[in-house]
Amino acid sequence: MDDPRALLQVRDLTAQFNRDGVPSRVVNGISFDIAPGEAVGFVGESGCGKSVTARAIMRLAPEGSSVAWGGRILFRGRDLLRIEEREMRDMRGRRIAMVFQDPMTSLNPVMTVGAQIDDMLCRHAGLSRRAARRRTVELLGLVGIRDPALRADDHPHQFSGGMRQRVLIAIAVSCQPDLLIADEPTTALDVTVQAQILRLLMRLGRELGMALMLITHDFGVIAGMVERVYVMHGGDIVESGEVDALFAGPQHPYTRALLAAVPRIETAGRTT
Amino acid sequence: MIRMVAVRLALTLPILLGVSIVAFVLMRALPGDFAQASAGTTAISAEALDTIRRNLGLDQPVWQQYLVWLDGALTGDLGRSFATRQPVTGELLPRLTVTAELTLIAGLMALTMGACTGLASARLRGTTDWAVRGLNSLLLAVPNFVVATLIVLLAGLYFPTVGIFNYVAFASDPLGNIASLLLPALSLALTVSVTISENTRAAVLEVSSQDYVMVARAKGLRAWTILGNYLVRNALTPVITVTGLQLAALLGGSILIETIFTIPGMGQYLFDSIANRDYPAIQAIVLVAATIVLLMNVVVDIAYARVDARVSYD
Amino acid sequence: MVAIGFVMLAALLAIVILGPVIAPYSPSKTSPGSLAGPSAAHWLGTDSIGRDVLSRLIIGGRGTLLITVVAVAIALAAGLVLGLVSGYVGGRVDQAIMRVLDVVFAFPVFLLAIAVVAALGPTLQNLILTIAIVYTPTLARVVRGPVLSVKRWDHVEAARSVGVGEFAIAIRHVLPLVVSPILVQTSLTLANTIFTVTALSFLGLGPPPPDPNWGSMLAEARQFMELAPLTVIGPAAAIVFASLTFIVLANGLREMLDVGSR
Amino acid sequence: MSAPGPLLRVRDLCVTFPARRGRPPVRAVDHVSFDIEPGQTLGLVGESGSGKTTTGRAILQLQPASGGSVRLLGQELTAMRRADLRAMRRHMQFVLQNPYSSLHPRMTVAQILAEPLTVHRSVPRERIPERVAELMTLVGMDPKVVHRYPHEFSGGQRQRVVIARALAVNPDFVVCDEPVSALDVRTQAQIVDLLHSLQEKLRLSYLFIAHDLAIVRAVAHRVAVMYGGRLVELGDAARVYDSPAHPYTRNLLDAVPIPDPARQRAKLAEAAPEPQFRGRDGETGPCVFGEDHAASGTPAWHEVAPGHGVSCRFWPPGACPGQELPRI
């Protein structure tokens, strides 16, 4: 279409939830591209439709709710909204992977963390149990977990929040996806841990050549991580552009208001 | 593991003690005289009554009577039946095995039915969910003794010659024995299966909305893997607990069912004992049943910890 | 769902309250022709000694439901107090109350009821008291669970920090938020109690004759059921209808108040 | 009552959570001391589990302290009788983090605001509606909506109601525990502005607990940094932010993302700092200033400038911060 090199081309994406028979639109026909290896940020306040957009690319509706998607999501030329569920299942995890917001609830409490990476590798890479475990240990080391061979046999409750997010990142990158979607990956974490996770995501993106779609409400997080930014508000993309230009000269009044409200640590505060 | 079992058992001990006190007090708080009752219905002289009192230790303070009784209970001596003058333990044991067998079969039936309908209801939603919940409401409203009565009635009307309603001893014909218990077990299991079904449904729904299931879907795992490793394994814990707790209901229910199907289990023994005012026997039945329930709760807790690594009692 | 439940409840209550007025015969009046089938005079036929089954069902329902409602009301009051105190105060008080309730909970409900009634004699008071005792732990637990979580909610802490007294917090800030699960469980307990009451009567441990009772009617009819199958259906249907009322009501309430499930 | 000196004086406050199932007792708050002057804000920052919320609750006596003293308006709170303490609550109030759960869902805003007034009998019964309307105006809300329930309001509006409830009894001191962290960034700014203007109007003192260092910078006159239940640094906001004396504070400040692409990129490109700190293990022996507190019995606290102090524990292992310190 417009740009044949694009990895992901989203055109006129709409999402509509059906709550108690009342339809409510949360995404109003947005379009954007992500090139291979590119890092793109989506920023906006809660309820602006940024997470729903991410779920649409994964074609994952929240359990028990019905959501109707419209428009097209072209991934390497295939329309993700129209392919068979089987093909989509092969896509998920292998081509497009996702990291979620809350590491405390995102790991299965009754399985060891190793087994939760193993099952992904067995499914997509067709590895045997033993080969999968070798790769799992490598992956845990890659995301910065000490003694990975030992820790692989631990259960999630034996890990801290930051370590769990590392495990979830290991799961997401285990099959070397082309696109990694990170939905508020550091919101639930402490600020020092947040810095570590951001560095990790950046390093992995570079080493594995993945495109990154980073979704966050925090302008500080988005600033150092991505090349381009989309600002979302009320289900629309109100502004987009190169990250430096957008921060230096926001055009849309909403973006300006948002940026102005961000508290800054260098601004002199009050004195006694 | 051994440590955990020990801790759980230790926690159960005070409750067991409480249970034994209740069982003891229940029978000594009779409006009538225990000695009079033990003598049966025949007219009896005052001296003879005194002798009985002494023999039974009824002239001692109540707490001493309790200790003597508890000491006996701990060594397996639950007293002598008033009716047959035989040790209660010896009379109770064979009946206990019959009741245990009936309860076990009914429990397995209820678990199978409940887990399957609950899982189907939660996963398939829509019409299945609606149908299962409707059926559950109806089943829950039909008491087991009504089911049993209706089964016997229908059988009497339409299959008067088929003998599967007559209890067959296990020793004489093992298969026939199990077959003869199937219908009684079914009438017991129906109500209990509803509880298991509703709890399974709620647990699976609860687990389905958890983030880690979303992660599993995002991993592109096959539906069966998600069902087995993510949904069922996490929904198992509450279901195990409920199933264990339903054992009490099954034991209580079997008392009724046994009388309707004339199965020589604990229920029948209880009724014979009530009819005969055979208090030591009643006491023993109550004590044994409560002990079984308590031990089963310990088993449930241990099973819980086996399934869920987060639970530990260290 | 709730609407259906309330309609059924209204029908049940109407029969109970208006029982003596609408019953065509006295429940103990015998007429010639025992075990007769349905006729214009006796809509549901007569029993083994020629009494009108319909009248006995209507009057019998009064006894069954009276015991049920009074017993559950007592159990609810006790469960509410014990559960609220146990959950809200916590600590040793909680431990003590729960251990005592655990003892009662260890007995199979029905077995305990039989044993107590057998020991104390099947009078009306004993029946009510026994049933109240065996269901108190269930209701106390249903109250205690939500209280334990609600008392940690922020608005309770906020009330405390404003200076509201502990008693007022328990009554005003905790209790109103645990009412829904209690309502649902009370309705289910009513259904269960109908079981227990009728089952006890079925075994001959119910309220003493001559008052008719669904359980004893079923037991009586059982002896002649090959001759007159319909006599079994009457009491069986009555029991099922009464418990179904409370189950439908419970499900409706659960849906309406959104307790725990979707 | 209005004795000279700080409004709130906290000395060696300790909170210990009892041992649970095989775990040793946890010292959640460990010898914390600070003062708050009238009309001033102390920002209390730290990561989750650092004990900042527990400190706030312990000051308000919502959490029993295991040691130390808390004096508000010259009155010792830790040993106060229950009835006296309830009366004392008129002077100290609480604003909690989550505006969704800190309002009773079945009470109208009018009822919520009237409750503290009734409890403390601060206003005659017939004047309560008037006072409720006054409070609503004070927090920038329309008094006409008092008969609505909390779920009919947005998060920011609810937080305004929470603040109005706290102000109902004319307190001198308010503990704000993460008052804006559940809100969107624009709402955050509005609530921070509201807290500012209320402070000036009513001469309130705040203990402002937050994990977001940028927001604390905007509201606090002085800042205390907590780590592992202890205060590691305390001083004027400008000093703590611009010339942090403790390496942990420096780490914390360093980790805050800056909404400036070029600088944030440069920051992420640097190697991550070693986040390990020496914990309680090495408590015997001399501290980095060469002083042996265990032997000399002096507090493990060093003033690097007037009113600006650091705890000499919790240094990175092997580091010798003594050489860096003179720079400050």
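Going by the order they are written in, the chains are A, B, C and D; count residues from 1 in each one.
Criterion: contacts are C-beta pairs under 8 Å (C-beta built on N, C-alpha and C of every residue); 3 or more make two chains touch, one makes a residue touch a chain.
Given the structure is predicted, the values throughout are model-derived calculations rather than measurements.
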- request: Could you find the chain whose CA centre sits the greatest distance from that of subunit B?
  value: D
- request: Looking only at C-beta pairs in contact, point me to the busier pair out of A-B and B-C.
  value: B-C
- prompt: Whole-Å distance, subunit C centre to subunit D centre, using C-alpha means?
  reply: 52
Query: Once you find the CA centre of subunit B and the CA centre of subunit C, what distance in Å lies between them?
result: 21
Message: Please output the residue numbers of subunit C that touch at least 2 other chains, ranges allowed.
response: 262
Message: Give me the residue numbers in subunit D that touch at least two other chains, ranges are fine.
response: none
Message: Among all residues of subunit A, which ones touch two or more of the remaining chains?
response: 64
Residue ranges of subunit C in contact with subunit D within the complex: 153-155, 157-165, 173, 176-177
- request: Please name which positions on subunit A make contact with subunit B in the complex.
  value: 58, 60, 62-64, 89-94, 97-98, 100, 102, 105-111, 119-120, 123-124, 155, 157, 168, 171
Message: Give the list of subunit B residues in touch with subunit A in this complex.
response: 205, 208-222, 225, 229-230, 233-234, 307-310
Statement: Counting only contacts in the complex, subunit A reaches subunit D at residues 45-46, 161, 190-196, 198-199, 202, 217-221, 223-225, 243-244, 247, 257-259, 261-272
Residue ranges of subunit D touching subunit C (in the complex, touch as defined): 60, 62, 86-87, 89-90, 92-94, 96-98, 101-106, 115-116, 119-120, 162, 165-166, 168-169
